[in-house]
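Below you will find the structure I want to go over with you.
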Amino acid sequence: MQLGMIGLGRMGANLVRRLTRGGHECVVYDVNADAVAALAAEGATGTNSLEEFAAALTTPRAAWVMVPAGLTGDTVFKLADLFEPGDTIIDGGNSYYRDDIERAKALVPKGIHYVDVGTSGGVFGLERGFCLMIGGEPDVVKRLEPLFATIAPGVDAAPRTPGRSGEPTQAEQGYLHCGPVGGGHFVKMIHNGIEYGMMAAFAEGLGVLQKAGIGRTSAADHDAETTPLTHPEYYQYDFDIPEVAEVWRRGSVVASWLLDLTAVALVEDPELATFGGRVSDSGEGRWTVLAAVEEGVPAHVLTASLYERFSSRGEALYSDKILSAMRKQFGGHHEKPSS
Amino acid sequence: MQLGMIGLGRMGANLVRRLTRGGHECVVYDVNADAVAALAAEGATGTNSLEEFAAALTTPRAAWVMVPAGLTGDTVFKLADLFEPGDTIIDGGNSYYRDDIERAKALVPKGIHYVDVGTSGGVFGLERGFCLMIGGEPDVVKRLEPLFATIAPGVDAAPRTPGRSGEPTQAEQGYLHCGPVGGGHFVKMIHNGIEYGMMAAFAEGLGVLQKAGIGRTSAADHDAETTPLTHPEYYQYDFDIPEVAEVWRRGSVVASWLLDLTAVALVEDPELATFGGRVSDSGEGRWTVLAAVEEGVPAHVLTASLYERFSSRGEALYSDKILSAMRKQFGGHHEKPSS
Amino acid sequence: MQLGMIGLGRMGANLVRRLTRGGHECVVYDVNADAVAALAAEGATGTNSLEEFAAALTTPRAAWVMVPAGLTGDTVFKLADLFEPGDTIIDGGNSYYRDDIERAKALVPKGIHYVDVGTSGGVFGLERGFCLMIGGEPDVVKRLEPLFATIAPGVDAAPRTPGRSGEPTQAEQGYLHCGPVGGGHFVKMIHNGIEYGMMAAFAEGLGVLQKAGIGRTSAADHDAETTPLTHPEYYQYDFDIPEVAEVWRRGSVVASWLLDLTAVALVEDPELATFGGRVSDSGEGRWTVLAAVEEGVPAHVLTASLYERFSSRGEALYSDKILSAMRKQFGGHHEKPSS
Amino acid sequence: MQLGMIGLGRMGANLVRRLTRGGHECVVYDVNADAVAALAAEGATGTNSLEEFAAALTTPRAAWVMVPAGLTGDTVFKLADLFEPGDTIIDGGNSYYRDDIERAKALVPKGIHYVDVGTSGGVFGLERGFCLMIGGEPDVVKRLEPLFATIAPGVDAAPRTPGRSGEPTQAEQGYLHCGPVGGGHFVKMIHNGIEYGMMAAFAEGLGVLQKAGIGRTSAADHDAETTPLTHPEYYQYDFDIPEVAEVWRRGSVVASWLLDLTAVALVEDPELATFGGRVSDSGEGRWTVLAAVEEGVPAHVLTASLYERFSSRGEALYSDKILSAMRKQFGGHHEKPSS
């Protein structure tokens, strides 16, 4: 079937490619004319303005918005002005699910449908397919199902879960209508929250592994800042972290796609010398914590993994200074200079 | 080659089966004669005492001890009394790596070698192979390599990590000589610490998902104990958790063996009605935290995941009562009865 | 000077008493006529309706709203309808500072001023005075200063901070104009966030103390759920927690009002037998976490203290069941039944 | 009564001064002869060697060892060689309670008693008195009680806890015989663990306060690393942190000695410009976590406060690099350079 795609960055472009390869017809638009031309060369119908884009789509139109998060709302409403009742706008970006709810509400008077799609897969999605978490009205989502089925990895992407039988469900094909509008991005938000926690688990564990030779440091290297080890003889190891990550990929309980990626990263740069350790965070990790707090559900791990990213960027500095200032007051401790 | 196996529980028996199928010769012993008989029927050489076991092995002997953690030390030393210089004892159980170091030291005067092997794979190891993390003297570990290669999942168990080339390393075959004695169990300890963190990430994330309909609860259900939601309209979802777990298995960033297992569990018991929520912990999670603390490496996530298990078993109760008692003092708050 | 007080619960009534004793004139109103009568008997001017209340105040009016959080907005706007330009409404309740900002904005067209006051002191405030954190326009706050000075504990409530000299500042008297509207409740929010963290620190520490005799438990009491202690000889204590709390009150680093209250609670109920351990949380603790997340400032401790309260009320149950379900899958572990 | 003091650093010297002023007789020794001379000038009996020190004490001797933690064991055993059955050695330093247990055991054959004293009070102890947490045999501790009573702050140091009556207990005087040997340092360890948690609560809360003006930063200052604020209008504050700390000292729930010290520190250096934010940790915070883990008691807050100190010293760097490396793999995210 036909789909319009606005936003031809890496994600948008790969979605178009997957759809085109799957036999769908794509009408594309981007503020960057080169991006349009590139996909047109691959078989998509290029357009040069939102108006032209809207005109090129047959009604009931279906348009997927895949622009940077800060521009999504604007793009949705501009598009809505060019669309007609019965048309559908799909937000496939990293939107906050609450914004979906508000946008959908605002489009109701115009008779325009709104579908939100949380899309996971990163740079590998073109080949692996994208995992799709979808929110919206049932009949609208149903109509778009051929598109989702093509974008998703498909049933063969993983062995069937024991205990399942019969016709594969949507989920088994790699896409899921999760619930009413916002539900797709809610599930995607939690997915990313979990991702943060898993990443932190690997990062911390490897961090402890990496320092397992601390007992070999001579006592002279210790100072008042660091408590001396009671048993240095238990910390005499020098583990080959890239090989450890590799061995866990086979047969262990922590086998996972994130571990596969870690193994790749450690082959590329075994000492991680190209990284300074400032870790960004996107909205989803934060929103997951806000949801946990509002629901009253404890989420120690997901929250800690977010805070560790804040700390990696120096955001604990004021708090740390407060601690040093207190220590100086009650104990006369003088903080070790930053050297 | 020949290996002796002491302890024919699920893990020990499956190791023997994998070795036998792989063409190795196994001499087995267990206090339970039936377990011995069962494996003898499958081609192993059964023995009825430690003495008989030691006698049935050709020198230099290699014996794998796979008994409950509390019995390992005893078994190792009894065996050592029957062994000769040049023989090797392999501890494949869930030992604390420090005990390995101490045991190996105690065996040095007898000329007996000690190898520690952290073994991951659980109930699936017989078919999938076991991920092996090995500590010990290089030449001793090298001599045993044919056994490890057979037990491990093998190179085909995962696609090759991009960037790797040439002859596959040990790690790519699913076993790794990690370092001197204790190093195998150290790496296994960290592996399990990471496993705890990953499990908690899934558990917390699904916990937040599961309560995403809290806004539908009528205000009358709220009480002084719970802060009312500012925006109940944002918590109106009723997600199908088994399907969510399933969809993430294909193309998402959190795809992992633990997610596969979660999906299985949710097919078997979608409401998790057969579980009370008391989560055990084994030594490895605790030891990981001890190592983090002694090394001075922050491990918020791994530690929180351990503490959540303690809490699940009611171990926060006294602390919680202290909080209620304080609240009563300064605010006259009366704790809601447990109903 | 004159102040109107709406809401004569414990806090409102005690504020009126402190003001009356300090020579101010109070006009009071509450939906509960008995509460009005009680304070009228103590020298306040009672009124029987919001209209009567507004009429009894001389312009420019100043009215303090001290009603349950859920009713504050409503009361403020009803009152605003009866007030005139130049009058001031003070929100002294536990409002979310964002609501202050929105309410103040809504009152601008009416020319009515809005001041928010975070009030700490609990049941002891009548005697100790209340710590006041104030937000609003500078001249409006200034006009009300005589009231704040009377409500606050006063300069003698604590020894002067070394390094301070000259005329005592507002803060040294126990009240502080923190900034523009919302600023009072923002500072109060953080105050309560810190309070949660401090309470948790005591609760956890005493929790570890309380279990320091775990090594005396016979091995037979241990089971597969609990890792056996490596060194039971180090956990043979039976501490007298009420006496420990008491000794820390003199000369130790943790001396604090919260410790004083803990000591009281432990005298009243040394075993805490009257508590079930379900700990409520109010909005401030949650809002502090939301602010930390939005600002990108790590707040591990404050957040963990909030989550521990959620857990105390059973809110981790679903997550815990997920963990047990995973463990059963990969290890065949059967969760220990709940009793 | 008579006491010998070995180690005349700040703590040891102040203990001697408090004892001398209280009418006790002190025999003192330190490797630094000037320190001995200084206290001799204040009325103590100076000695120039351990032998002279032992000879100057009347039997049954009582000697307090107050040397750096690393030297305590050595000093205790050297002293024991010079002492006789019935004499007592008091370890008043920051020892690990397990070392107390082992040392006491080693002294049993010599008939020498061992008492451990956790001492809190820091640089203020000379004037305020020291809070003493004591472990040892009942009759031995009882014999030393006059010394403890003089060192401790005394009953007037805090108002009596409501509900207590009759003769003040030891705890009400500021010292407590907590239990058998090691018990004093166990309680002190927990005290310091709580201290870490309280300090972190203040540090984090003030950290969130300090960044409450983040909404005033122009959008241009934001970049891909930081999620833009949804509501910058709610983060427009510029709080005067020194005044906020001061106002909380009167009438608030967080009033505490640590807050008093924070207020002093913020008067001395309102911008904390003299601190780099590298926060040391001593053994007690670590040991508290080890105890929590071994007892199976959750201690999220105490542990997080310890890990935050590790992070402040850069110990999360490797983990952070792992996170960045993963992010680059799955999302093509390039870490912001450290600038």
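We just call them A, B, C and D in the order they show up, numbering each chain from 1.
Criterion: a contact is a pair of C-beta atoms (placed from the backbone, for glycine too) under 8 Å apart; a residue touches a chain by one contact, two chains touch by 3 or more.
Because the structure is a prediction, the values reported are computed rather than measured.
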Can you name the chain that lies farthest from subunit A, using the mean of each chain's Cα atoms as its centre?
-> D
Higher-contact pair (C-beta pairs counted), A-B versus B-C = A-B
Roughly how many whole angstrom separate the Cα centroids of subunit B and subunit C?
-> 43
Separation of the C-alpha centres, subunit A versus subunit C, in whole Å, is 37
Subunit A-subunit B separation of Cα centroids, rounded to whole Å | 28
Subunit B, residues touching no fewer than two other chains = 122, 200, 202, 204, 206-207, 211, 226-227, 230, 253, 257-258, 264, 281, 286, 292, 294, 296-300, 304, 307-308, 311, 313, 316, 318-319, 330
Subunit B contacts subunit C in the complex at 10, 70, 96, 122-124, 199-200, 202-204, 206-207, 210-211, 224-228, 230, 257-258, 261-262, 264-266, 269, 272, 275-283, 286, 300, 304, 308-309, 311-313, 316-333, 335-338
Within their complex, subunit B touches subunit A through residues 97-98, 101, 120-122, 125, 128-133, 152-154, 157-159, 161-164, 169-176, 178-180, 182-183, 186-187, 190-198, 200-202, 204-209, 211-212, 214, 226-227, 229-231, 233-240, 243-244, 246-260, 263-264, 267-268, 288, 291-292, 294-302, 304-305, 307-308
Subunit B partner contacts - residues on subunit D that touch it in the complex = 253, 281, 286, 289-290, 292-294, 296-300, 303-304, 306-308, 310-311, 313, 315-316, 318-319, 330
